[in-house]
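Shared between the two complexes below is subunit A, which has subunit B as its partner in the first and subunit C in the second.
Right after this comes the complex of A and B.
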């Protein structure tokens, strides 16, 4: 078991990494490439570089390696080893002290500012890692950046089961109001519509909030736990894609909305269940329920 | 209201009519006009269900009805039944038409069977929260309500069975009923196979081929006609909060039918009568549990008390609220509720095979679990 806080303290104690030199001085060809790539038509960048390019100058290149004393690299390796393997987005706050002129040679140093966690997020449990980098020309600090990343353990999702080929499941009709739900099941997420105006949770979803009238639905990702509110054991007639008898349960999710799904197991009202995702094909993944082990 | 039902007509009720749905519709409409003492040329309005495959103009062509000034359809399956009469009555009372025929005809057993999984219905986005999950038959959709109703009120499968036994008892003495001479016992109900637990085979209505038509006109016009008219004392539709078709599972409570509560309020308010004034109740009975819930929504007993109410014998022909004297859809035929309206008219006329004595008011309801409708019929 890795003690993340202890490891983080050790890395933080190392303080600032040794200055790492930019591969090239600030130069016009790279400035032009960058302006074109970003579609920036500002005519002023002939003598100085756009400030937002600062990180570009010290990038390690396509096959570059982090230096061994880089605190971000060290911390990522520690978290990978502890099972926090995933990143979806990062956050950078940069401060520029002055323009950088063509020909200036930069270097960068980085220190570990903070590691906080473990945090429960919609994506899974994770740690926020914050570093501070400073860019130098000689011993003059010219720019700084606070960089933050969530390294998380993807929420444990049961392996999707694949159906026997040829099973003809009834497919949902998907439209603009409902596609977020089916996109979610494909990603192993049970999404509940949440009004972007008043926050009302609603299932089945719709385009306009019946509480506040807003037409900006968002969603939250359900924890996937709930209680059986009612159920049916279906015997006759045959249902495409199902083997009779089978159970369909109306589940009240912990977030407060109800949702239908097949239940794999002996049903009873009040029973605790959790969501399971079954991949029907590349386009369709169906949510269903299974009894939840007592905790 | 000034409108009346002046004529009723039907085909035979069977499992295999051997003829087209249009022919069934035309036969039923012709029979209803003959019963009313009217000619096709008297008809200027036609109303049916959205689900009916027989276009108004097709029916008009077959009957030789030359001109129509009013034609309309009502949505939501069996929930449309009493609303066809409401449409017709409004047309008559506003002068939009003088004689309106309501009709419903289908080969629901030999042709397109509602009891099977309607794969095509999943094309409706609302149904995408139920059909793909395996909930794709009306029986299963009602069973979801029934299970919760049992859980909250301690109701049993036998309580559902008593409704089936009453309907079949009444059908047994109705020569037009599919289950004529075939009553059932509660034991037979209890040993019938599961369809969608907690519903057994004998909790589910049959599938039928046939057609029914009703002629609606003004009380004035009916004065010259041969049959005693059944006056439309009230006719209303009802939809409730968070309404879905068969799957209104997202409301706070699953033990009621709020849409039928809306209908009840409208009927009592407009007719000026209350539950205790009802002499015969023709309650929509595609599945037994919803008959119990209707008794509660309509105010014949309190919430959760319907099972006890039924055990008192109130629904027998000699009880305080005779239920479905024709045998209902469980016993006579499944004609999307239209045969129940025809029975209501016969009870008012005094010509039913299982005639209840001294009938002044008949209550008729339409499909349950869907946006629905209801009627109060009365004597002149």
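Right after this comes the complex of A and C.
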């Protein structure tokens, strides 16, 4: 088991990485390529570079490799090893102390500022890693950047199972309030309605927030884990497409709301379950529960 | 230029050519910005705009409006939904702060999938700016 906080403290203690030189001095051909690609017709960039290009000068390039003392690279390796294998950038805050003139030679140093986690996010559980880079001309700091990434374990998306041809199901009534939910199941996502006003999670879906009255629902993608809160075993009457008896469980999701669905397996209160998606046809994918082998 | 002033809405058509040429112009050679097959294999719906380009677009949005005399001091952005090839990226902005020559502009760049970028840009305008 890797102690991520301890490892982060070790990397942070190393302080600034050694300065890494830009491949080329600030130069007009690169500036003009950038202006052309972005369609920027600003007339002022003939002797100075657009400030937002600062990071461009020190990009590692096509065959570039991180230097071993790069704190972001080190932290990524540590989190990879701990199972947080995916990465997404979340923030880039750049401050430009002055404009850079053509011919100036830049270098960059980076230190690890902060590592926080584990946090639950829409993408999965992860750690936020914040670094601070400084660009230098000689010993003058000319620009700075605080850069934050989320390094995460991707939320599990089970592959939909396709049913035997001719399978039947009682079709849900889909309307404007519930469309997002069924769209989600088609994509392998269990979506929970979330108030666009106060953020309250609620299920089953409805047009108005019972808490604040807002009528702009959004949604959160659930991790799909929960515990059986209650259940019934259905014996009678017959239901199209089902063999009786079957179990309908009310599951309390880890996100806090309760949701109904068929449970495949022996039911018991408090049992850990996870969502599974069954594709009925192109239009309809049904969520149901199965016991979860807890890690 | 006063607090509350809106910036004109600006639309960027993120064609594959745009996504690729801006990625290369910012020296970002990650395959997800130029190779659709690999991007899809990695779970994306298509290639998408890289961060350095997003930063540049936010800067351009503000300087196109403020004029070439404005000096850019800070670009702080929060990144959200990716901007994929064939998306239209719509920029909205508003002046939210002014202390003499220092202006703070709030910017949002949005695609059909949600907010791609939200943030603030700090600029310094010439003393004679009304």
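We adopt the following convention: the second predicted complex is superposed on the first by the 170 of 295 C-alpha atoms of A that agree within 3 Å, B and C clash if a C-alpha of one lies under 4 Å from a C-alpha of the other, contacts with A are read in each partner's own complex, and residues count from 1 in each chain.
The working rule: a residue touches a chain if its C-beta (ideal position, glycine included) is under 8 Å from a C-beta of that chain, and two chains touch if they have at least 3 such contacts.
Because the structure is a prediction, the values reported are computed rather than measured.
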Which of subunit B and subunit C A:106 touches, first, second, both or neither: neither
Contacts of A:94 with subunit B and subunit C, given as first, second, both or neither: second
Partner chain(s) touched by A:142 [first = subunit B, second = subunit C, both, neither]: neither
Touching partner for A:59 - first (subunit B), second (subunit C), both, neither: second
Touched partner set for A:203, first subunit B, second subunit C, both or neither: first
Partner chain(s) touched by A:11 [first = subunit B, second = subunit C, both, neither]: neither
Touching both subunit C and subunit B, counted on subunit A across the two superposed complexes: none
Subunit A residues touching subunit B - in the complex, by the definition given at the top: 169-175, 177-178, 203-204, 229-242, 245-246, 248, 250, 257-262, 269, 286, 288
In the complex with subunit A, residue positions of subunit C that touch it: 18, 21-22, 24-29, 43, 51-53, 55-60, 63-64, 68, 71-79
Residues of subunit A defined as touching subunit C within the complex: 30, 33-34, 36-40, 42-44, 50-53, 55-56, 59, 61-62, 88-96, 99, 154
Subunit A-facing residues of subunit B, complex: 115-117, 119, 122-137, 140, 143-145, 147-148, 151, 193-197, 247, 249-250, 254
